[in-house]
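Same chain, two partners: subunit A is paired with subunit B first, then with subunit C.
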Partner chain A sequence: MCRRENNDLSGNDVVQSFITGSGSFPTFASLNSQLRILVLSLLPSTISDPKNLGTVLHFIYLSSGEGMGGGIRQLLEQVHRLSRRSLFRVLSMGPLPTHLAFIMDGNRRYAKKRGLEDGSGHKAGFSALMSMLQYCYELGIKYVTVYAFSIDNFRRKPEEVQSLMDLMLEKIKSLLDKESIVHEYGIRVYFIGNLGLLNDQVRAAAEEVMKATAKNSRVVLLVCVAYNSTDEIVQAVKRSCVEKADRDVERIQLVDIEENMQMSVAPEPDILIRSSGETRLSNFLLWQTGNSQLFSPDALWPEIGLRHLVWAILNFQRSHSYLEKKKKQL
Partner chain B sequence: MLSLRVPSTSFHPRRFHAGALERRWRLGRDCFLSFSHPRGTRSLGVKSTKSEMAPFTAAEEETLPEGLHPELMPKHVAVIMDGNGRWAKNKGLQPWDGHRAGVEALREIVELCGKWGIQVLTVFAFSTDNWIRPKIEIDFLLNLFERTLKSELETLAKNNVRISIIGDSSKLPKSLLKVINEVEEVTKNNTRLQLIVAVGYSGKYDVLQACRGIAQRVKDGEIEVEEIDEKLIEQELETNCTEFPYPDLLIRTSGELRVSNFLLWQLAYTELFFAQELWPDFGRSGFIEALMSFQQRQRRFGGRKS
Partner chain C sequence: MDSNEPMLLLSSRIGQIGDLGLDLLWRFLHIVVSLFHIVSGIFEAIQSYAISLGLIQKYSSVDIEKLRCLAVVLDIEVARDVAKVVELLQWLKTIGVKQVGLFDSQGLLKKSKDMILEMVPGSTLLQETGEKDISPDRKEGIAIEFISSSDNKEAVVKAANILLKRHLKTSHPEKDEGNNVFTESHLNEALRVVGENVHVPDLMLVYGPVRSHLGFPAWRLRYTEIVHMGSLKYMRYGSLLKAIHKFTGVRQNYGV
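Now for the complex of A and B:
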């Protein structure tokens, strides 16, 4: 994520120096034509907040001083972030979903398509996941659930399962880093599933992350590992039977089962997005997606991008008023 | 031999003309399930609207249309028959006309399933959520259901179709319950096609009643809590009336991209197909499209293809 290196500078200072040409900042005249065009295109969006322009100019300064490569990349990231912010402002004019669920399908096919080695599909998938999480939380969606690993996936070849477990261990541990997305957005992380099926290291890392983020409350990330919806329902039924053992079985209601579901920490998903074009649930959130909008873009998971998210949300907004009416009737 | 003719005295070929749908208002004017109406229309010199249907033969099964492979046919197809109300509204008709047209479309699909080797067809007739509809519509729907069951019983029995009804029967009128019991009893030994009709059903309700059944068995000491597993729940669900409780393909018409709490547990690995047409327009071409889409899919059940 972009960060200012010199915290003493305010955006307004930079703008002033830029215009007057004082100090050690480059002036508009000194920029090459591409950067001039870039600055001019940003002016409209910075009218409401000059600090944005200041930040951008600050990076132009950095880029002209430190070499164009890294600086330009940071600059472009900042530009993308600004344009995303305007896009999200437009989207938030309509109703936004509270909870989004993702089935991250297609990593291996992606690796095969690009001619990469086997494990790199999942690594690319992880970066795609981080981008999607960033977009969701920037948009203000409070709950995001992802299907990381199913109980059925244990049936794959042992080497593949082991490499997936190693990748998961590495990424779960990285969530504890100070620069991770968890701290940037104040995410509370839950690991949902039959964690007893995981090896000790992964389970311990998962529990550590859950404990470390327990106090966060802004947004929630639910990661389903070693999860099957039917398994979740079986555990909930078991718990309901034990709870109501001494009472009349007719008293068992839907709420009793729902309370005992691991996913009860979040409301039902509004949208379920499955990548790679397959249209099936694969034993994911069967109980919770009864009324969710199902969306299955053809893109493989590492190819998923902002446009798919925007499209899903626009479709959600289109049918939202009808669904709300139905919910009220119930 | 699959003899699917109706008694010729009551056969009215004009009924199959699309315009006749609007004219059929009164009770007792329901169509008979007839797999042979092209023969009837041809003999009267009227051009059949369904010219692509094969001529009536004594063969048990019709050959599959081009592009469909018999070995890849789904064993169990589930259908959410959505869009009757909208269809009627688009045509400027009353909602009950839409439901009548829906019954016609259902007949066609049942016929195709029987011919193409599909073993189980589950249809979502009435959900627990539908109880909020206006009383007049609910009464009409349940009445229509009762009349259709009564009138079709003989034909279905002859065609070796087994009917099972699933759902919460506590809110259904007594007369309907009586007909349901009779139909289930008469057809229980049929083997060609099992037609499961979900009335007053929802996926969550099914799991709840399974949970109650299991809790009762635990209380009676028949099973231990630790023994509760997926197999046990599967046995307690209402779809235990069939050998193939898990649909291979779920079709929902009218373009809605939701499952609406239909068959929750059973849909774990079901291929979903969302059709744009409204249910009364779905018909044979829509069904073929859905089956072709199904046959092209790669089903991996969490594992790997290679």
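Now for the complex of A and C:
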């Protein structure tokens, strides 16, 4: 989407020529009916700050090369963002989860359903993930865990595994960009799993991201790659035993194993959402979900949206007091 | 000074009204959610009665062979109602389920173990019989296992201690990285030694207010389908049949 390079124009200039019809700016008369309605509906909000109207018209002008399409899109995005923020404001009148976990299931089925080529389901899945992360962090949820790649997935066809690894490498590297979501929200990223099973490039990129984001503390993203819950338990047992053997202690306790679990960097999940309607956990966070509420919306992962998140949170709020009571009992 | 006070008061009043408005909106949202649950509950009840009366063809036969091991997770409040638990077990027996694991986090059902086994005719306590577990005299009956949260994390701790002892017995424990002692199959075996059943249930029915596995032994949950059945007090035969039928239609990829 190319923009004209006239960014030094002030909103006031645009408004002036919009009304008077001078210059090469679009005028009210030149707008189609949709845009006219939009501009009229935004007038009330400009009473407090006339610059708003200038900004809006500026958008329209800047993208008028595309026949106003880009301008509308940006306007709609702003409207969506505002309504989302109001919805989140209402939701936060009740208890909100601290930790949300997602099983991103259904990418391949999505590609098949849409008749797309094989890898594009995962790409669509990645953008769905970015949207969900944005919603979660806007809502104020501090920890988000996603099941990106299971140890069982290594048993898929080698070409598929390789293309998944390539996609992961590309996306992990993109997290280091200045404009990425990591910097926007100050996310600390952890990669959880048996990283030794990954190829060297992916592992190195993952470690680099973990190091680069180590100072962030606002919100946390835990990406489970090459992960299995049973493997996590075994690794924790192994680490505790080796530790104890080193110090010549003959007894392990529950706290030792809990400390050595890779997921101990986050509290237990409050909600676990698995897309595509499947009702099993597939070896994900089995140890940590004793008090978690499980949801299985029918939507495939690339189709998942704000409504599923809101539904899960509303239901979580209904059962919150029950789950709190259960936590205290144990 | 004087002009600030009424302004502050006004803005705090506006803030309070704003919060009240948001609170009302929130409550309204929740009323809508509750209405949705009530309506869908009514539809489910109607469907369930239709199923138990045999009106829906689809559910008249269930391929029960696919369900080798069933787990039933009961909320603590619910587990106190032993009569209902017995009724559920009788229904499961009628449907043809051969093996059931009953779980409640505090182990209340374990305490009433003998009473339950007595009240369900043809039931036996599940013994760890290894891989071949269909014996001729068990064809008619139902084998019941009683599980509680001590079989979850505490059992893993006990198994870990067994592995630790094995690791310490190796000639150079400080140098050995433990790859021979710490694998999934070793932990699996150690759990067996501790007396745990390590069979993975195919299906789990949760009776309680929330869909959660409530701390069922994590080691066994890998590929278990978890279905929420609602409250035990209002349990329905039709819903049970429907859940089991739906399970028999599920096809798992196991990650591949």
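The rule we apply is simple: the second predicted complex is superposed on the first by the 255 of 330 C-alpha atoms of A that agree within 3 Å, B and C clash if a C-alpha of one lies under 4 Å from a C-alpha of the other, contacts with A are read in each partner's own complex, and residues count from 1 in each chain.
What we mean here is this: a residue touches a chain if its C-beta (ideal position, glycine included) is under 8 Å from a C-beta of that chain, and two chains touch if they have at least 3 such contacts.
Worth saying up front: this structure is predicted, and the values here are computed from it rather than measured.
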Give one word, clash or fit, describing how subunit B and subunit C relate on subunit A after superposing.
clash
Touching A:M93 in the superposition: subunit B (first), subunit C (second), both, neither?
second
Thinking of the overlay built on chain A, is A:Q317 touched by subunit B (first), by subunit C (second), by both, or by neither?
second
Would you check which partner chain A:M210 touches, where first means subunit B only, second means subunit C only, and both and neither mean what they say?
neither
For A:K244, decide between first (touching subunit B), second (touching subunit C), both and neither.
both
Please identify the positions on subunit A that touch both subunit B and subunit C, taking each partner from its own complex.
150-153, 155-156, 229-231, 233-234, 237-238, 240-242, 244-245, 250, 252-254, 257, 278-283, 286-287, 289-295, 315, 319, 326, 329-330
Subunit B residues touching subunit A - in the complex, by the definition given at the top
129, 132, 202-205, 207-208, 210-212, 214-216, 218-219, 225-226, 228-230, 233, 256-261, 264-265, 267-274, 297-298, 301-304
Spell out the part of subunit A that touches subunit C in their complex, as residue ranges.
89-91, 93-94, 150-153, 155-156, 229-231, 233-235, 237-238, 240-242, 244-246, 250-254, 257, 278-283, 286-287, 289-295, 314-315, 317-319, 322-323, 326, 329-330
The residues of subunit C that touch subunit A in their complex are 22-23, 25-26, 29-30, 33-34, 76, 105-106, 149, 152-154, 156-157, 159-161, 163-165, 167-168, 173-174, 177-178, 181-184, 187, 209-216, 218-219, 221-227, 250, 252, 254-256
The residues of subunit A that touch subunit B in their complex are 108, 150-153, 155-157, 160, 228-231, 233-234, 237-238, 240-242, 244-245, 249-250, 252-254, 257, 278-283, 286-287, 289-295, 315, 319, 326, 329-330
